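Both of the next two complexes hold chain A, though its partner changes from chain B to chain C.
Showing the complex of A and B:
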């Protein structure tokens, strides 16, 4: 199996610094912004042209993002379901083959290690996609189970095709069969090509998965169809805006994966992150169950909430106050939403704030006005629903735009 | 007349301002009726399909001025409104060159240098001046204009606010502000730039929609009027409403109906009913009558008072001022369905700036000559146009691979000259075709193959705009944006607070402060005044930082 990281002619040397994914040359060619970031050791575009126009392409047309740097682990074998079900908090028995499930997994204290998506290819065949390196944890969790865990991070590549015209692009590229996919469905459309109706945008969108050395071909095939549907390649900055609109949390931003934080007390439970609905206590034992059961009764220590923030200035890192005096939390992700036309944020509040107590909350927003700092105390409202909701995201068959 | 014919408020005309007022009143708990003469809502913010598969933004075509406070107040995105910014633009020359207005600042500087190195830094100073003036003016958009001749508490407070803001500017900028409000865009650009092509590109915003030339005093303000909007806080940026400008009206209409409001289309107000100096309701063209103690007209001030109100219900000096109000049609429009994207031989293939506003007027002198034709009652032989192909960005406007082009044309008179007589009647089908041919000839300077790509075209003269939308003489701003009819003089001195001589009757369209464009500010400000008078403290959009 090919591994993107290692020169097979000279196995003794691993590359130093950032390395390229298979489509880097394509990206480099179209990049005018030349803004590159580090995604799990790979060169990944932050912005290819303009963040603003990349953002609007996601919400208005369609976009292509290379998601190959994501960590990917294959878990197969007779005990695959049992083993994974013991690891994650949600009940995987309800996730049929051909489906994808968003999941979180915890340590014994109920603190989230990471979140990710579980692809169920067959009864005994899963793939876990996540942001953090999870090979070691998976091997530990597999102890005593009849399963095989393979790190596919560098042998399976993926493209995320998102936006209202994304299905039209697929259809034009000869992949119209994806039209029957409902959200979170997964299907093998061609040998070596799996397509799932998933994404990080809250909009209509698909992810396409191929062997590492087939990615360029897939890219070219989709890229050739971009014109009538206004498809753009994008960087991760624009993606970050839409995921906040969709209300998705990001590891190391909205919560600290407990195995990576060196300071004590930085871990958060799924309940504290607002995902109690993905903790299925009735499925039998799973990692962290006892601690989470206890927290269900005693209540969370924190509440990660969605906030509608007054004014027009993004509230990134703003402190949140109760009655304008008492500090009760802070914004973890804050942007002006060009689609919702609201100033939105995810924020961590100390319980009971954000839970039972949601009134009289204020954000202290700092604005640098050409060298002069302006401090503004603006009202905030806790929202229960995502800021971006559009029925085109769920319509099956998908619409043309 | 039954109870069901009685409302708390009636809005005459479902333009975007009328709908905005209607939304705020309905959300404050009033029983509100909107009546509209056309079978559709939106006034000049409409999306209509006149050729199967294509949707046109028939009148207004781009969005920037729509106040974000109002969008947020009324939660218009929830009702489907999505505004998408577009990138840059260009002006093409007859000799095969062009000036590209890149949205990327570095590219723009390089492009300016390609034409005139001295103008590179001049552009940044020009921007600074314009943005500074925009910052000064923006807070006034969502406030009623103070009347310095009145000694009412409200006016004095607003006046004090204005003085404070003006004081913050400092003496030099204040002088600049007064100059800006009264000078011509031609003079202003001549002060900053050397290059004719660059000046011509920037001058367009100073004349769009007005019966003024680039060297007419007051056009510098018109440029400001086109710059003071924003898309997501980017001052001066313009965008498309996804689905065309009608998407704005649709969102407002849906918002209004969700708040319990009623819209009747297909019959407009024939007469405003007045009894003892008070409004009591409206009579429609179809004979129906509806009663309400509050009636707001979204029609322009001339149409409202000279055509649909009994003159004896109005003070004579008011009527005279309304008659004096300048509202001159000066622009036409072509909406074109294209079989494919036309060629732009001068531009690099697939250039970003082709997705922006495109022009072909090369100099201020050329623009001034185009204006001269209009003064004589003719359309410009060498017209200015503001041309965009929104379907490059908005996938909902045309079938895949096909395109929709909007061409705003200036100048075109309302009263067309023929055999020495100027009259609207002279806009015959023949004249309209000849007008369109003139425009196509000019477009060929940019896209030589344009005629071969045309599937369908809608030709709109000022006369058509008046007939369909109801804008007097087809003036897109419901009245010229000149200093003599802005702020407390808009629409007429003494009536800047949306009230009229008739008790309970209001003016909520763009004839009122702060004027035209799809801004919704007059509608929101009027709603605030109406609710204030009713003693309802409901919050209506105020400028926020």
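Showing the complex of A and C:
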């Protein structure tokens, strides 16, 4: 056409719909459930077979999950430590090269933007893995510092190998050198292959990181060793169960990442999420420090707590009452834990509940008895320890199972 | 041992000096550190020339008329609300002009109390004494607005956020008369009369009653009086020494490092440079990411140039008496013309018909015509460009004063680039930060900085970028000092 108009079909096509990760064809073959979800724009399995099988494989055997959709950012340069230390609440000077650190970062009001893991490859070389897209924020945070921020979300892929037999699988796949890794250690085992002893399960487990185009090979290499160790591929539903057992919080579920929340007052501070131990006030300035200092003095507005809930009915979304009358909060994540054999939950309570006040708390759960709804108030107790703890998670070298 | 002061002020611009005087008067030991060899900053003979507000004590001022030049020779003589032709004939729009002008001055008076103190804010809530005081100030503005009467109140609120173009041309036909107000609304700003917020900036300029004053001895004398005031109150003023770093320890200001390698200790530092420059001096890592982003994105695009023309004789303007030549002379032939002069600036080009404010100054000798030209580009001033711009200004004047060009013996052009290099003002901007609706009052210079403090305890802004903005008023400096005293940091 010569009239200067542009035809839509002539414009370079933008992919429509979800994108496949390199191992999608493998997953599609295995999947009997065909339950797929959207993880940061990628097709990701919610369940491949059944959630129960997958859950028990995490706790008793080992499991493989494609974590490539995670957002990954490389931060390098002479000021990398200073720049990241100004961004996150914990003191990264104490995180040595070859270590991984769980970290939170806040806006200027001390409200959590996201949480994630920081991998320190070398003195001036970090990678941040997180759930939310963080490129713009990192560029803002990097302004004025001698660093380079590269979005590696689509160039670095990863597999999460978790469960008691995970080390045995690694060994069988020729990666036995990972045996010396302590929790949160990070090592380059082969050119282009970094292995960290990290995960979201609270159990023994590893994450393996490779260039995007090498993921299939890595998958096949581990998958070949699955039989004797009972390894299964899993989806994210089973993972969600174990992370609640381990007491990990999930963005958009247990807290609202403040940059994505449009309503006022939806943000929460690390202190309110129960992570005051990761707020290192003595390290110098970091984003939100002044606001968080104030809150340390005045106290949190909310407390995110672990609850042991009476009865068997998972209490997802249940309202929490004090003395059965006053509404003081709600459950953010709740499941029946097959391992703990308890009805467990994470819940947000309005302070002082969950802090100084923990007695006489009740959860309101609805039970549908074949078409008839019943409302029950069940007692809840605040727990300080994670619901799942096993010393095999920390033993180094890992024990063979 | 380093020398120790309660307060250090970075920059002996008139605002830094005003802050120093206010603090020293309250018994604080104050040291003003100025990088250049002279006090005054932009308030110097080569740059600023007129006052729109009372001068500091010790400076005589003379109120002068404004003459808005007409290409057809129908020049308008204006003093406050009165307008007539320079020939003495009545102006057909004099009544409409007077009504509008008086209304603007009345409204501007309401803003005056807001300008003379830190901007209102209810950050402390109303449960504290300070919070209640804030509320009462806001209430006073509310009462002031109410007192106008219902119709006037509606009018005030209607025009407050509109643009000068619509406001002026709703009341009268276009020409040099409304052109003068349009030029006053945008002088120093990167905006045209059609830009939103220009009614507010016009009222800001009229908030002292709308008079235009020529200081005896020039702006240098005004700066000298500010310095004298500071010294008399007990402040020390050191010139020829720049601050290179603000020392921060434990999230508190501890002092400054000087360009000669020395160090001064203090528990409060007031900075008359822009927020970003101040952040750099203290270290970007000391500030929150959002605060740095806002400082980065601050609009401060300098758009005003200064041309000092040394003349070999007194110029004659067609149709003006010898006395009228000594008025403030404006080349702003119409509101539309002022808007058109802004258009090329958007693309970094020179105005084709520059809008000028000229005055034969007393300060630099009677034979100097001090010319302020608006809507020029901030950067890329090549020699060619400088010369062609100077020529176009002289040519413009020549149109009203035949033979003017041959009187010019020397032309001293200061572009925004030059002004920035001379004073450190961000972008060489008249107000250090654009006076846009989004950068005024409680959001001046940006969100979270309206209380003069930002981030690090003891660090304050005290220059034109802070509320209420630029011009030679001393208000930002005094307000900042008041905030320092209220915070009790020094």
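One rule holds in what follows: the second predicted complex is superposed on the first by the 390 of 401 C-alpha atoms of A that agree within 3 Å, B and C clash if a C-alpha of one lies under 4 Å from a C-alpha of the other, contacts with A are read in each partner's own complex, and residues count from 1 in each chain.
FYI, a residue touches a chain if its C-beta (ideal position, glycine included) is under 8 Å from a C-beta of that chain, and two chains touch if they have at least 3 such contacts.
Quick caveat: nothing in here was measured; it's all calculated off a predicted structure.
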Room on chain A for both chain B and chain C (clash or fit): fit
First, second, both or neither for A:108, with chain B first and chain C second: second
First, second, both or neither for A:145, with chain B first and chain C second: second
First (chain B), second (chain C), both or neither touched by A:401: first
Which of chain B and chain C A:86 touches, first, second, both or neither: second
Partner chain in contact with A:339 - chain B first, chain C second, else both or neither: first
Partner chain in contact with A:60 - chain B first, chain C second, else both or neither: first
Which of chain B and chain C A:157 touches, first, second, both or neither: neither
Angle, in degrees and to the nearest 10, that opens at chain A between the C-alpha centres of chain B and chain C: 160
Touched partner set for A:312, first chain B, second chain C, both or neither: first
Which superposed partner A:238 touches (first chain B, second chain C, both, neither): neither
Chain A residues touched - chain C or chain B, whichever exceeds: B
Closest approach of chain C to chain B (Cα atoms, Å): 45
Sites on chain A touched by chain B in the complex: 32, 50, 52-53, 56, 59-61, 164-165, 168, 227-230, 310-313, 336, 338-342, 367, 374, 376, 400-401
Residue numbers on chain B that touch chain A, as the complex places them: 68, 71-72, 76-77, 81-85, 87, 103-104, 231-234, 242, 392-396, 400-401, 544-545
Touching residues on chain A, where the partner in the complex is chain C: 82-83, 86-87, 107-108, 137, 140-141, 143-145, 284-285, 287-290
Chain C - residues contacting chain A, complex: 251, 280, 284-293, 296, 448, 455
